[in-house]
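Paired with chain B in one complex and with chain C in the other, chain A is shared by the two complexes that follow.
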Partner chain A sequence: MKYSGYILLAIVWLALPFVLERHAIDLLVFCGFYAVAGAGVGFLLGQGGIVNLGQAAFYGLGAYSSAYCTVQLGLPAPVGILTGVVVSLCLAFLIGRPILRLSGYFLALATLALGIICSNLFYEAEFITGGTLGIPGVPKLSVLGFALDTPTKFYFLIWPVAVLCVLSMRSLMSSRIGLAMQAMRDAPEAAMVLAIDISRLKLWMFLISSVLGSVAGSLFAHYVGFVNVDSFGVERSIFFLLVPVIGGAASPAGVLVGALFVGLVPEALSVLGDIHRVLFGLALVATVVFFPDGLIGLLKRLADTCIPARRQALKMEQSR
Partner chain B sequence: MTSAPLLELSEVGKNFGGFAALKAVSFTVPTGGITGLMGPNGSGKTTLFNIISGFIAPSNGTVAYRGKAIGHQSVQERSLDGLVRTFQTPKVFERLTVVENVMTGAYKKTRSGLMAGLLNTPASRREIDATREAALATCRKFDLGAVAGKQASLLPAGQRRLLELARAYQGDPQLLLLDEPSSGLTTTEIEAMTDKLRLIASEGITILIVSHDMDLMGIAENIHVLDFGRIICSGSMAEVQENTAVREAYLGV
Partner chain C sequence: MSMMLLAQACATGITNGLIYALVGLGMAVIFKGSRLINAMHGELAVVGAATAVYCVEIAMWPTWLAVTMGMLIAMVLSTLVDIGLVRRLFNRNAREESFLLLTVGLGFTFSAAVLYVFGREEHLLPAFGDEIYEVAGAIIREQTIWIVGIAAFILIGLKLFYKYTDFGLAMMAASIDPDGAATTGINVRLMRTATFALGGLMAAVAGLLVTPMIGVSYQMGPILTLKGFAAAVLGGLTNPLGALVGGITIGLLESLSIVYISSGLKDAVALSVLIVIMILVPDGILGRSGRKGG
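== the complex of A and B ==
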């Protein structure tokens, strides 16, 4: 009974590719990329109180590393993904140490600058990135000799990866280090007094976030088969930040809902014509204003009022 | 007191711009028992606490803990050595539950790393379960057992103070620095707080209390009085109350 909701979700997830048309599955695959990259941003935001406006930098590093390693160097895909992760970790380490001393708006601006600088570097470093022409012909990913050459097949890779990321974040949050991270977010001085090394924890969070961005970027490159600078601009970073903001950053699972929102709502609204951008903006504002805990907070509240077992549990807790 | 002092301040001064918040403050805290540091508002008590706990560096003078100068040590290093403080406005981890707050107190006693947490390894789970059990026992000890599962932001002032104390206690302190532990509390809450402080002291933990609350200070064996950045009197409660300089500072007579 306890898991019935999750089982239902899993069945729906399994059934979707057989019901939906190809274009819809394609959108859901993109939502998966947003969820993975957004999980990193959401972790920083929800558990560290850090606004990251530069995630597209790591998304780009992952994508270009994969594209360059496989296309130019002819290396196998896992090497490309790993290269992206290593390069991202190095950059996050070098940049993170100085900028994570900042906090609040200043830190957010520093990450924004990181995003802008990397976006320009992608543009300028033609010998690696191909500049505006980009790198075409990135090979399809294959897992155990099974080529992921259709949206449906990729759908069955990216969503488990996204869920795995979320589960991992959840597990971290309830661990010793995760508690210390949340302590640091709520009261940094008090955390210091408990011997929590807050600069190290912030750096770790930034490293985790960068890895997720990079992996999402690598998978994106293999899925689309073509990368160029347009995919890694500042808007993309803002987009990644919207994922946890809309979904709800307090709970790691929020990014899954947020990714679906930012990936599907603009498309759904586009049938209404040119006004759809305005409507999407309004939908964003409405979500943030009316559901400060994000959509996942709304879903939880709905579950608490609609599912009898949960309502019972909640009553018990309140009467204590 | 026969034993060597646990904490020794010599000629500690602190200037903020042209303003001397502390002028050559010297006093000692013996090992064991409760020592009080009293003084009216603005006398430099909190500045002194910030210096002892390592949040700010003194302009001159030295702070020695267990016989060693600790001026170069970070807040965290001092905490690892058993020097733990609380804050004038309790700083609880608002979005964590009460028991999780206390669990973070044990951070320095536990080992699980980042990867263990991400991968949810059995060792990490075992450790956090043991940490939780120990924290629950501490919650009960500090009368927080009934609210252990509650989010800390929902606690009233009295319980926030107790929670901060329980959290500090969970990290096995040797010297506990308490900044105004009774401020904002009702009379009954102050009594409960006093009981807990006696309990902690009875376990061999040395306590230094900063306060201007005369009633709470009754539990201190030895009191130093600070006024305008200098120690004006040291002694027992009775001696301090008789002291003319203290009477002038407090009552203006």
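== the complex of A and C ==
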């Protein structure tokens, strides 16, 4: 009974690719990329209170590493993904150490600046990235000899990866390190008194976030088969940030909800013409102002008031 | 030849730098009066400029009226944002990141609205004058002289406003120590609204001044915000003179990097400097001595 909701979700998830048309499955795959990269941003935001406006930089590093290694050097796909992760870790370490000393607005704007600098460098480093022409012909991924060459097949790779990310965030949060992170977020001075090394903790979180961004980027490159600079601009970073903000940064599962929203709603609104961007922006503003816990907070509140069993449980908890 | 190129680069750098300084000044005004970084500042500038363009090109209004309208719209918009949204977050005691996300989201909305109304093209405003001067081999347009004059006027005006008028002092007090200000009879909320109105006006002025030179387009908001912010941080955030020095520094760095490095890397150079400055000199290049009000 307790898990019925999850089982239902899993059945719906399994059934979706067989019901939907190709374009819709394609969109759902993109939601998966948003979920993985957004999970990193959400981790920083929810557990560390750090606004990261530069995730597209790591997303781009992952994508270009995969594309360059497989197309130009002819290496197998896992090497490309690993290269992306290593390069991202190096950048995150080198740039993270100094900028994580900043806090609040300054840190947020430093990450935004990092995103713009990297997107400029992607333009300029034509010998690696191909500039505006990009790198075409990135090979499809294959797992155990099974080629992931259709949206449906990729769908069954990306979403388990996303859910795995969320689950590992969850277990990390309830571990000793996770508790230290929450202490750091809510009362930095008190955390320091308890001998929590804040700068190291922040650096770790930034490294984790960059790895997730890079992996998402690599998978994106293999899925689309073509990378160019347009995919890694500031707007992409903002979208990655929106994933946890809209979904609810405090809970890791919020990332999944947020990714669906960010991936599907603009598309659904686009039938209205150019006005859809305005509506999307307003939806974001409304979420920040009216639902500080994001959509997942809203869903929880709805569930608490609408499902009798949950209402009962809540009452018992309160009266205790 | 190369001296001429250098002179021209310097002239361009200083002109652009003054624009960044004006954007930065506006952000500094909002920071001074509310302790918030207004991440939609560049978009407010774009909205102000786009309104003026609309009035000139489509409604066929005289330029002075269109410019006034642009300033008014940006002011009203900024005021409404404070009354409708920022106040709500203040009442909830929201954390810094919520304010940042709010202004980022509003910036996105504004630029989307400009895209919806104007499309993707760039639009120019008529310049204040068409004269062209030559100084040390560099060509300087009359618009540049106007920008210098207006920037100086605003700088001195702001300095006097915050130093000598009760209103200016009250606006600063309301943000530095809200409880203390409230006990001395200052309406803290009203002061914050006034701060936002002033900030919106400043944004529009910067946008209107840049539009005769670089056409206004929906996507120039974030980069204006960032460079303005870089200018303000470089100068120490609450020191108006600092924003001026910071803006010109960034403008010069940028135009010199176009000449000596690559035109595609000018933003990268300017923003790298921003990161380095924030880390190494958090009080700005003028140091603490020049800072007043926080």
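Please note the rule applied: the second predicted complex is superposed on the first by the 320 of 320 C-alpha atoms of A that agree within 3 Å, B and C clash if a C-alpha of one lies under 4 Å from a C-alpha of the other, contacts with A are read in each partner's own complex, and residues count from 1 in each chain.
The working rule: contacts are C-beta pairs under 8 Å (C-beta built on N, C-alpha and C of every residue); 3 or more make two chains touch, one makes a residue touch a chain.
What you are looking at is a predicted structure, and each value in this text was computed from that prediction instead of being measured.
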| item | value |
| --- | --- |
| Fit-or-clash call for chain B and chain C when the two complexes are aligned on chain A | fit |
| Which of chain B and chain C A:171 touches, first, second, both or neither | first |
| Vertex chain A, arms to chain B and chain C (CA centres, degrees, nearest 10) | 80 |
| Comparing the two partners chain B and chain C, which touches a greater set of residues in chain A | C |
| Chain B versus chain C as contact partner of A:284, first or second or both or neither | second |
| Chain B versus chain C as contact partner of A:197, first or second or both or neither | first |
| Touched partner set for A:186, first chain B, second chain C, both or neither | first |
| Shortest CA-CA distance between chain B and chain C [superposed frame, angstrom] | 12 |
| Parts of chain C lying in touch with chain A, wherever the complex brings them together | 37, 85, 88-89, 92, 94-98, 100-102, 104-106, 108-110, 112-113, 115-116, 222-223, 226, 229-230, 233, 262, 264-265, 267-268, 271-272, 274-275, 278-279, 282 |
| Chain A - residues contacting chain B, complex | 168, 171-172, 174-180, 182-183, 185-187, 189-197, 204, 208, 250, 317, 320 |
| In the complex, chain A residues that touch chain C | 45, 49-51, 53, 98-99, 101-102, 104-106, 108-110, 112-114, 116-117, 120-121, 123-124, 234, 238, 241, 245, 274-275, 277-278, 280-282, 284-285, 288-289, 292 |
| Chain B to chain A touching residues, read off their complex | 53, 55, 75-76, 79-80, 84-85, 87, 91-96, 100-101, 103-105, 107-108, 110-114, 116-120, 124, 127-128, 131, 146, 149, 164, 167-168, 171 |
